[in-house]
Amino acid sequence: MSGEQRPMRILYQIPGHMTAGPLGAAEIDRRRRLLQDWSGPDTVIDVADSPGGPLSIESTAEEFTCVPPMLAALRGRAQPADAVIVGCFGDPGVAALREVLDCPVIGPFEASLLTGAQLGARVGVVTILDSVIPMLDRLVLSMGLSLRYAGATAIDIPVLELKKDPSEVAKRVAEAGTTLIARRDADVIVLGCMSLAFLGVAEKVAPQVGIPVINPAKCALKAAESVVAQGLLQSRRTYAKPRKEIMTVEEAR
Amino acid sequence: MSGEQRPMRILYQIPGHMTAGPLGAAEIDRRRRLLQDWSGPDTVIDVADSPGGPLSIESTAEEFTCVPPMLAALRGRAQPADAVIVGCFGDPGVAALREVLDCPVIGPFEASLLTGAQLGARVGVVTILDSVIPMLDRLVLSMGLSLRYAGATAIDIPVLELKKDPSEVAKRVAEAGTTLIARRDADVIVLGCMSLAFLGVAEKVAPQVGIPVINPAKCALKAAESVVAQGLLQSRRTYAKPRKEIMTVEEAR
Amino acid sequence: MSGEQRPMRILYQIPGHMTAGPLGAAEIDRRRRLLQDWSGPDTVIDVADSPGGPLSIESTAEEFTCVPPMLAALRGRAQPADAVIVGCFGDPGVAALREVLDCPVIGPFEASLLTGAQLGARVGVVTILDSVIPMLDRLVLSMGLSLRYAGATAIDIPVLELKKDPSEVAKRVAEAGTTLIARRDADVIVLGCMSLAFLGVAEKVAPQVGIPVINPAKCALKAAESVVAQGLLQSRRTYAKPRKEIMTVEEAR
Amino acid sequence: MSGEQRPMRILYQIPGHMTAGPLGAAEIDRRRRLLQDWSGPDTVIDVADSPGGPLSIESTAEEFTCVPPMLAALRGRAQPADAVIVGCFGDPGVAALREVLDCPVIGPFEASLLTGAQLGARVGVVTILDSVIPMLDRLVLSMGLSLRYAGATAIDIPVLELKKDPSEVAKRVAEAGTTLIARRDADVIVLGCMSLAFLGVAEKVAPQVGIPVINPAKCALKAAESVVAQGLLQSRRTYAKPRKEIMTVEEAR
Amino acid sequence: MSGEQRPMRILYQIPGHMTAGPLGAAEIDRRRRLLQDWSGPDTVIDVADSPGGPLSIESTAEEFTCVPPMLAALRGRAQPADAVIVGCFGDPGVAALREVLDCPVIGPFEASLLTGAQLGARVGVVTILDSVIPMLDRLVLSMGLSLRYAGATAIDIPVLELKKDPSEVAKRVAEAGTTLIARRDADVIVLGCMSLAFLGVAEKVAPQVGIPVINPAKCALKAAESVVAQGLLQSRRTYAKPRKEIMTVEEAR
Amino acid sequence: MSGEQRPMRILYQIPGHMTAGPLGAAEIDRRRRLLQDWSGPDTVIDVADSPGGPLSIESTAEEFTCVPPMLAALRGRAQPADAVIVGCFGDPGVAALREVLDCPVIGPFEASLLTGAQLGARVGVVTILDSVIPMLDRLVLSMGLSLRYAGATAIDIPVLELKKDPSEVAKRVAEAGTTLIARRDADVIVLGCMSLAFLGVAEKVAPQVGIPVINPAKCALKAAESVVAQGLLQSRRTYAKPRKEIMTVEEAR
């Protein structure tokens, strides 16, 4: 890329209402800085949250709850993006966003699993709570990737408590990774939560488990930069633009 | 069942805001009467819509948009139900509802595909628009049933226009079914839209295509009656109850 | 259904020659009464056995041995049925009966696995003897449902000894179910033997294992009522009517 | 093998009652001679039919009907065999025979599909009637080989009419093979009927279709010789010997 | 990345002996310049060929033939690389290189298929000759991605003739892509040959076929930059370092 | 086969340079004699090694390294063969040889897995080193046989040390087989190394593990005899003859 090109803008869209929660705007800014650090020199990172979305996403119900606020936040946004990353590991609403938006949309789970598939035979996930595992398992099924999946294990710490004791988090992630290797023949580990992704855990844990540990935030960022650089957009055969703009009765009036 | 048993209450929850749309409350009542006709003698049918939901669901984006209004409608409901049917063929939010609710939740697509699998080797779907087919394909993948699926074909009539010319609808459904047999080896057809289900098309078309044609509304109703009669509830290992009731910042205040 | 409709007749066809065995006609009558209790108000249950069939079915060889006596019993039957349930968990001859008969035919294993797939991600089976497990595994493969199957475990009690110590049976079923959860990630359990189904074990064991336990007799009954109520019949593309009625040389003379 | 070794005896067990049918004992002898011609120098071929079995097998119902007569014929046989080939392309009762017998049991369909998988990516089948195709499809599913299967096509000539016009048969087989290549990407063809196998069709047709054409009788024979020469027997973990010898009430008396 | 960081060096290793062939060193330089144009600002591209390798790769035999020369070229190389791209669409020797090398190794086919899987449901390939299609099909099987694959179609122009008439090439690629959409439901197209990749065809053809067209050279480059930026290396559980350095008798002496 | 027929010549092609290694020509002769003992009376066995190939094959890198020497050895061979067995359990280059040669080519792993699939539900492999297991897993994936595979376990003894302590080898094979049964539900075991195959281990171990143990050398030999006797050749649709004979620049001169 030559210097005079306009920068690539990548929007990391948090599906929850983080600014209104305990972590607040500071955490949004912290994540933006980390993503900016990880990005290529021509990339500009935006991070936004979704007013009306849940505080944390630890169930399928919350996965669904966050999508309309996220869609609303994206429709209301002035600054366009060259790609959008859905900032939740369960990839909520990725297919919906691909229909609606005119730029590529990256799901961190999908990107991580597909990257992991280039690094080893079977990819396992270390996530936060048992309750999200069936959701991840369904995603793998829906991707048609079951033969490359080593399952998921949870460290049993809720999202909002992850920052309390990072070293305990790292310890449990290493233990869970070791379990996935021993019992499920995992060859690659993916950190299964975006809050984990911004704690620097992957880097700490990788030498302990002895296999690659993928940070889904970094991985999604690189996937976004990659598809934008290639000039690619989702297929309109799979993700047709919705025929009608107006979606609710209220909006139709 | 002995006579003195309390009736089984089945709630058919429309994810869109039908009362506010062109079809209105009359259509809700019409569907309730049809479902009541199809039900067993001890079943009482309720039909409700979801204020704030979309007018029709013809994209993945609308699939996601309808779930929070549906969840809100269900949480606000006084009359309990023994089972809930999600009244949209794409089964939007079924996994979410299974987490949140304490009664079985039936998805018409899932119920129809599994019933069809007892009637023939490969089940095909005749739906309304090409835009919903990738959504159905993903559902089949996520169910792990690809080897029993003959794909889907669309009749290219939007939901809200289905009632304009029912005989044209029936003709196109028969043609689409014949195509699925000839080109995809379909052995069973499922009508892929709930509005089709309430038009009496399945009954008309079945003799023409010469293979079973499943009405997803009737099928979902029978699946609901079946699991309630068996006293079954979704597994809490797959559909864990969310730890926290409050889902958005607003609600947390 | 209005009151004047003729009742739905469902025939539970035992593939073995039960009246000639130690359990005798009393057991047939007991099963009929249980099925009648479980059925809808408009259903009439018939139970018949198959003279010449095996005393119990605990091997693939016996699965095959029972089919011609069952076919003969069905052909010789005066009273027609609206649906037939094959009264053996291995679903022996279900495909054959679907070809020959003009009413729906339900296999308890198939019905239970498909119902279980609506309740949880992975369905496991607790059966009687290790010798029948490969048979069940083959059935799952032939249904194309491997990705939803958690395997089977046996309690190691032969069919004809199940009634000797029902509390021991229940204890072992609970243990086997717990093993399937711990080692195979089962989310739903199916009782893998029709004699188990009529012992009231499912109801006892479900609270202990903490996940749904499907009674295959009840489940098959509800599947039969469901397809009859929907007016569905097996696809003649998958289950063609045999061209010729006469099947053996003796019969041809 | 040194000269003084006792010969390998391979029994080709016809599941139908051929001696009582129009083809009669002459056809049994003709098949024996062909198999003997195709066999290795140390192999002795026996061919037997199954009194009480069907005249021809063109449906799943007949597949099941033939198994008990075949089991009875095998139990009543004085001359032991080193391997048994089930002489019907649908492999009826193969799993049952593997449990009961103490020698390897070969199914021609299974042997042909697995041999074909060594010759090309996707194996297709040319069979006699549409009615047997779902049966073959189920077999492929139950073998877990769907990804290597190109489907089946029928020439629409019943078994008992195959000998009337062998050149018409060959012509239709070539056409069906060509169709499987063009529409299903078949790389290898298997003749899907044992009566076809003994007509010399494979040899005639192969040059016309330009891909390998497997004769299932020859292929099953070679599979039998192969496993016997390797000293292999079916796994008793998959095919456990039935616990009890007596199978019906009559026999128990 | 800050400015003072050393650049990322990516080696595009051509498995054939291009400098000795008709295209010569000029083509190597042309490809280097294109890759450099496509790369990020901190990336330095090296391109090397493999003395002793084949002139072009259009068969499985040539896929295998090229690997030892490629391994030798890589072992003899002074300049280290941060990642290696195998410059052939059939990904020859990728697994071998992952064992031997201490940097990530990218296969263009694998990278393209996994990227395509993020853009649409089913990915198809337009390649040069029918003879390479079974090789690609096997790769998809070995990746466990069959459910996301729409098959491949060939334009029937050998590698070394591609440069003769680029507009004919583009025309045939568009036709083949259209065929894959119509007959195989392809949602995304991958150009299935590296020589195609450097002809600028993807960009020309994409608007004509109306779905994303992936250039495997660009895609592999972005995949390489992505894994290097993430600090990831192949799993040593899947790609163990060979125990012994010496590989042939000659080398052992 | 009548006496005057010319014998069937089967070439067992060792991909390594065995004559130059520690085992030397004596081992080649020993293997030839064993294969000759195992062969049918009309079979003549040739054994050849591949000058320039590796001493042993214990990694994917060596799998690839051995193929060109093997191809060269085969092209340089005066004596034609009716079938070629690739003498390495990882089936290196089998697809390449099938393209190039005009006789059937047998891979011992493929032949063993397909034979094992006729003996039991799930086939496991006992191999030498952990490093080869991912290679075997990939082969199974590429064969589309994952649902019939019980995985592999290693005895942790390198190829060249196998002859040092045969009873220790047998002990570890038995232990590994027992582990595969207990932890992976293996129903059949295949010895996963050709050097193991010529040690007489299968015969010793089978009674200990209680399930069939397949010797891949014997099994490949019987597969070769079988396809030759059937007059079959690989499909040219899957294994097209390479268009050009000359493969390297040097050869083109």
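Lettered A, B, C, D, E and F in written order, each chain numbered from 1.
The rule is simple: contacts are C-beta pairs under 8 Å (C-beta built on N, C-alpha and C of every residue); 3 or more make two chains touch, one makes a residue touch a chain.
What you see is a predicted model, and the numbers here were worked out from it, not measured in a lab.
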Chain E and chain D - chains in contact with each: B, F
Joint neighbours of chain C and chain A, given as chain labels: B, F
Selected from D-E, A-C or E-F, interface repeating A-B by over half of its contact pairs: E-F
Chain whose Cα centroid lies at the greatest distance from that of chain C: E
A-F against A-E, pair bridged by the larger set of C-beta contacts: A-E
Farthest chain relative to chain B (centres taken as mean CA coordinates): F
Between chain D and chain C, distance of the C-alpha-averaged centres to the nearest whole Å: 30
Distance from the mean Cα position of chain F to that of chain C, given in whole angstrom: 45
Shared-contact residues (touching 2 or more other chains) in chain D: 121, 134, 138, 141, 143-144, 146-147, 187, 237-239
Category of the chain touch graph - line, ring, star, complete, other: other
Pairs of chains satisfying the touch condition: A-B, A-C, A-E, A-F, B-C, B-D, B-E, C-D, C-F, D-E, D-F, E-F
Residue ranges of chain A in contact with chain B within the complex: 17, 20-21, 52-55, 58-65, 67-69, 71, 92-93, 95-100, 129-131, 134-135, 138-139, 141-144, 146, 158, 237-240, 242-244, 246-250, 252
Contacting residues of chain C [partner chain A, same complex]: 121, 147, 185, 187
Residue ranges of chain C in contact with chain B within the complex: 1, 38, 40-42, 104, 106-107, 110-111, 114-115, 117-121, 143-148, 181, 187-188, 203, 210-212, 214-215, 218-219, 222-223, 225-227, 229-239
Complex interface listing, chain D residues touching chain B: 134, 137-138, 141, 146, 151
